[in-house]
Amino acid sequence: MQILSDTSNFFFEKLILGDNPPLWQTIVFDLVVIAAGFAALVSVIAMFCIWWERKVAGHMQSRIGPNRVGPIGILQSLADGLKLLLKEDLMPRDADWFLFRLAPYLAFAPAFAAFLALPFAPNLVFEPRLNVGVFWVLAILSVEVMGVILAGWASNNKWSVYGGMREACQMVSYEIPLGISIIVGVMAAGTLNMVELGHLQSGGLHTWLIYKNPFVFLAFIVYFIASLASNKRAPFDLPESESELVAGFHTEYSGLRFSFFFFAEYGAMFVVGGIQAALFLGAWNDPFGLIGFYFHKFSHDGNTIGLIILNLIGLSIFIGKAMTIIFVQMWLRWTLPRPRIDQVLYACVKVLLPAACAILLGAAIWQLLVPDRPGYPWVDYNPFSAHDWIYSPAGNGTLGLITQIVLMLIGVGVSTAVVMWVLYAAASGRNLKQRLTDPAPIERAPAV
Amino acid sequence: MEIGLTHFLILAAFLFVCGIASIMLKRNAIGILMGVELILNAANVNLVAFNRFSYGTINGQPVLAGQVFAIFVIVLAAAEAAVALAIFLNFYNNFATIDVERAQNLKG
Amino acid sequence: MTTANILAIADQQQAVAAVLFYIFAGISAISALGVVISRNIVRTAVFLLFTLVGVAGLYFLLNAEFLAAVQLVVYAGGTLILIIFGVMLTSKSPFSRFEPKAVEVVIAISVASVIFFALVLAITRTKFAVNPTDFTAYPIDKLGQTLLGDFLVPFEIVSVLLLVVMIGAAYLAKGRRREAD
Amino acid sequence: MPTPALLLLIATLLPLASFTILLFIGKRMGTPLAGVLATLAIGGSFVCSMIALMVWLNPSGQYFDPSRQTMIEWGANKNPINLPYQWVPIGPGIQQDHPNFMDVGIYVDSLTIVMFSMITLVATLVHIFSIGYMREDPRFPRFFTYLGLFCFSMLGLVIGGTLLQLFIFWELVGLCSYLLIGFWYEKKSASNAAIKAFITNRVGDFGFLIGFGILFYHLGNVTLPKMWMLLGDAGFGHDITLASGVIFPAGLLTVMGVGLFFGAVGKSAQFPLHVWLPDAMEGPTPVSALIHAATMVAAGVYLVGRIFPILTPGAKLFVAITGVTTLTMAALIALAQTDIKKVLAYSTLSQLGYMILAMGLGSWIGGLFHLITHAFFKALLFLGSGSVIHAAHHEQELPQYGGLIRKIPVTGITFGVAVLAIAGFSIAGWGFSGFYSKDMILAHAGAFGYLAESSGKSSAYWLFFYLPTIIAYVTAFYMTRCWMLTFAGKPRNQHLYDHAREAPIMWAPLVALAVLSVIGGKYLGVSELLQSGIRESTQYCRAVVPKFDGFGTAWPAEATTTTEGAEPTAAASSDIMEKGHELMHHCVGWAWLVGIGLGVIIYWNGYSIAGPLTKFPPVNYVRIWLYRRMYFDELYFSVFVAIVMALSWLSATFDKYIIDGIVNGVGGLVKRTAFLAGWNDRYVVDGAVNGVATLSQELGAAVRAPQTGRIRMYVTVLMVAIGLGLAGAIIVTLSR
């Protein structure tokens, strides 16, 4: 908690409103931030993701994807949104009118509310004092499933009900490994507060929580798989699998209500990715610990301009990390086939859940046996000085340091290999794609 | 006006009464279960409110007994719901309805 | 900052807390009424959801953030979904209704109002002990220590109970299938 | 250098790990692999125990000191390791180590180390043996699962630092015994035997609970040394005033000691709760070797060893009587048994009786020493019998055997070694393991007799010496009988004889145990280690209570006071010990030769001599009496059944004569009245009767009506009642 009051809490609020503003000004400020900042952010991210997904899908299937509206089709989502706004809003005659209308908002509101807890940058957090931040996001997201179930139910349609029920059992079961893997990360950090999580990881790549110990590393993977399922993303998109259930729970929806579900899905993807970035991947910090270093330096010196710039850089890094995770989600969606519902549940209850429990146990034992380097990087110790690690107040931290460095090397190696592979595939597939997608132009096709 | 213990207690009383009314009025077994959940929530609000206003500190240390009790109640409510639903499913399979009025095979 | 200034801010914060209390209390109370009145069981469940969310908000006002999150995760995200699941599995027609008789309604309303009146009377006339918690920040670590310290035995018992319930519920739900085979 | 406590903790937890793994994926691992895993786990425990032993013996860390003559110096004279931990918060007790907490803990002294070495060693050998023995069993993995749980519980029992822990693991061990006796639960006799063992043990456990309750009431849950310190004066037989001023009366102390000992009676199968052990032989033979001969049944002796300092003279007398009764009775019964495992079971009972007797007479070292040596040769005997049974295709009757030495020589020879060991084979003061331990017990018994004589006690105390002495002869005889009938003579069942053969994997445990049976008495230094165990515990307690001499109280001589700081004595003064030893030497010096010689002569050629001998009616009656196990099962059956029958007869009689009489009398009265009143009155009577009937019907209907089975109505009624009450309260409140 000390670090929250030390590092200029509500920095931007103070910057704009001055010290000790009247309460009404604060409230108005908050409302403006929510309305202008977060609403805009959610819409922009969702629209960008929709366009991006179609683009990724296109490239993975050797197509080009949207390319007509705007440069490289970037305005496609805007056009779609406009179209959806103008569509007729249909409701089945036998649907439950109240629940049918309520459901999209129930699905969208939690995804939006969860944004409020994400740590975009050291000073760009809506409520930095939220001490149960990570848990709060988990709680909010678990309410989202109600919207989906109600949508399926209220549509009074067999396919929709199936979709809703699948979502219910899938969500309820995958929430457990999800929660346990989050607990592993939280155990390693020792706090639930998102901002503190960010500051804890500000000492460069090897202080990111994913490298804290081997079990957090494994928990990261479990979290990713479970988050796919709780977001109903492929390969766990059973609730809306188009080949069996038409479109699952949103079969009967059209127009703006339909787009709410879409926004909710992409918003939830971003939130889940954001938690992953904040809890495991160092939040807003760069791999070299520069942001952390300069942040403490600037706040000590009172360098306002520097802090603003740092916050903006942090914001872009955070969004970039979340977007990278979203990209992996999309990539998986267009790569993996969809399992059956019993296989999905089997994978959770009999594979993922025991694995998560074993990881939790292992992490607890690890933390019991291996001394840690407590404190905040740059404040309590210099993350790049071996001396500070070895003479840690909790005991000899050499083993912890070695573990973190080894894990970091593994992580960096794996991601480099993957990136190189993707680049290689993109480069070598270039010719193939051109051959496939360059048939003779329609104009030159033989007349029938 | 300052919000104090009384406000929370009256709200809890209202939730409790609603739960009782719902138990008395619902013929659907699951509806009765929901009434029970309302009653448990009322009790929880009471516990936490008393903890906050009437039993907050001992020797300068914050006391959290009420919140811990509330957590236990929530956990037990979840357990209760699981068992109750399993029973309802069996009931439904045997009587082909969920109307508790039909569960009177042992009627004297 | 002068004392008067601090007092003014405290007053304002109290006003905000009052407004928030009435919002959340209103949500809970109206939805609880909805739970009673609604004839459609799925709508009842939705009203219950709003009640639970409102109560979670009240927990926030009572400085019990963790409890609020637990309420959302376990109640709204777990128990309620389980209940809706049960509704979907057991209702023959999609909007099943069983109407209570008019006499029952009258009895229920009168009994409920008598009890409510009695409770309110008792609450307003009793002098409760005043010993408020005064923590600005929510001591989440303290909660953990309480849970695994003073309340260790209940904690362990509850965990055993959960295990028993898990096995029991699985058995009850499975026995049915064996019968059908 | 890891501490012995940590090593032993690891040794305890390894079998638990094997149990957990096998529990979940044992079935998938299949037949040899599951057994190998379990064996590796217990083998790891054995290695840990051995390292702990080394560390324990040499605080300097040098195992091979060339400057010394002996490899290791016995008795490190170090402090025992006593680590109590706070566990469950409870209310305050009077003398707890940690106020307001129920403690768990670890207590390690030389006894713990010795027990660990013995248990893990025997368990490892039995595991290896079982891989061969159980190979064809379809539930092979489950067998090793249970064995893992058993080893964990047994080691936990030994390492536990408080009586509560002892009790917990005590029960776990009982559970494992139950599971393993009933392992072949398809056999009705096996599942019956399992239930019998379980219930009989419960009877003993009630005694344990009562004793523990008395202890807990006065002290709270304390660690063992604390308990000794506080109650170390119990041996003097007077009231003890605790530090808090509470007086612990001597009578209650005796009750507590007897109660705690009753747990040992159940677990060590002492008279009168011995009936379960012979039946427990229904379990697989390796189980009999591990649990019902070497380790679990010895847990009772271990418990007595742990509570030894808090036993009053009265309690010790009780212990000694129990021991001597058991050892005499069991040895006699063993004479007449024909099932090879039953013979061994009764022999086990008899030897356990020796240990308990030693404890009762105050020979702490003798009892525990015999526990260790007995574990070696009895495990060997059982594994040998397992090998025989395996070779004989699960035929267990002695009359079917004969001449098997030619077919299964390794088994025969090792079995013979064990027979010599149990018979107390010795030449010129050198003998097999059983010789030394029995020697110690009997010498102590002799000394005890002299002591009793000199302090003017009844001469009946000499029975504690003479009965075991006679039984020493009997032991040699019946063990020889068993060996001769199995291995010597002509084959009495040719078909069985032709198909008998040994499995090589079983050789290694047999040979290892045979070697241990030979050298276990003199060369392993068990008794020296136990001696140093007494010294350690006494010194540890003396740091707090300077006059503590709980392990050395020599009774029945009236002990007055203990001299401060004197060397703890395990028995009486040395000259009396010397006298006792001399007497023992005169009486049983050649008992093994007499017993074995008699056995060899009588059973030289199967039943050819014994058969005609038993035709002689008095001998035959005794033989049948012994063969039927002195009718204990029938006795218990008839007593308990008779009680139930008597009770039911009583209630039936009550029913028949009193209730029926009333009813019939009333009926007759009514009949007579009606008859006398004539038909005019019949209307009146009928009217009354019908009226009563109608009334009860109406009443029933009225009472039945609210039982609608409608939950909501019940709730409504409840709530209306509450509402009415509250409404009244409101009116009262508002009108005030």
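As written, the chain order gives the labels A, B, C and D, with residue 1 at the start of each chain.
Just so we're on the same page, a contact is a pair of C-beta atoms (placed from the backbone, for glycine too) under 8 Å apart; a residue touches a chain by one contact, two chains touch by 3 or more.
From a predicted model like this one, the values you see are computed outputs, not experimental measurements.
Undergrad: Hey, which chain ends up farthest from chain A, C-alpha centres compared?
TA: Here the answer is chain D, farthest from chain A.
Undergrad: So using the touch definition from the top, which pair is joined by more C-beta contacts, B-C or C-D?
TA: B-C
Undergrad: Distance between chain B and chain C based on Cα centroids, please, to the nearest Å.
TA: Going by mean C-alpha positions, chain B sits 7 Å from chain C.
Undergrad: Just give me the whole-number Å value for how far the CA centre of chain B lies from that of chain D.
TA: Whole-Å distance between the two chain centres: 50.
Undergrad: In whole angstrom, what separates the CA-based centres of chain A and chain B?
TA: Here chain A and chain B have centroids separated by 35 Å.
Undergrad: Name the residues of chain A that each touch 2 or more other chains.
TA: None at all.
Undergrad: Find every residue in chain B that makes contact with two or more other chains and list them.
TA: Only 20, 24-27, 101 qualify.
Undergrad: Can you list the chain D residues in contact with two or more other chains?
TA: In chain D, 712, 716, 719 touch at least two other chains.
Undergrad: How do the chains pair up in terms of touching? List each pair.
TA: Touching chain pairs, listed by label, come out as A-C, B-C, B-D, C-D.
Undergrad: Quick one: in the complex, what on chain C touches chain B?
TA: Listed in rising order, the residues are 14, 17-18, 21, 25, 28-29, 32-33, 35-36, 41, 44-45, 48, 51-52, 55, 58-59, 61-64, 66-67, 70-71, 74-75, 78-79, 82-83, 85-87, 89-92, 96, 98-100, 104-105, 107-109, 111-113, 115-116, 119-120, 123-124, 128-135, 139, 142-143, 146-147, 150-151, 154, 158, 161-162, 165-166, 168-169, 172-173, 175-176, 179-180.
Undergrad: Give the list of chain A residues in touch with chain C in this complex.
TA: Residue list for chain A touching chain C: 1, 20, 22-23, 27, 96, 98-99, 102, 129-132, 135-136, 138-140, 142-143, 145-146, 149-150, 153-154, 156, 161, 164-165, 168-169, 171-172, 175, 179, 192.
Undergrad: Chain D touches which residues of chain B in the complex?
TA: Counting only chain B, the residues touching chain D are 20, 23-27, 32, 100-101, 103-108.
Undergrad: Which bits of chain C are touching chain D when the two form their complex?
TA: Those in contact with chain D are residues 104, 107-108, 110-112, 114-115, 117-118, 121, 125, 149-150, 152-153.
Undergrad: Where on chain D does chain C make contact in their complex?
TA: 88-89, 712, 716, 719-720, 722-723, 726-727, 729-730, 733-734
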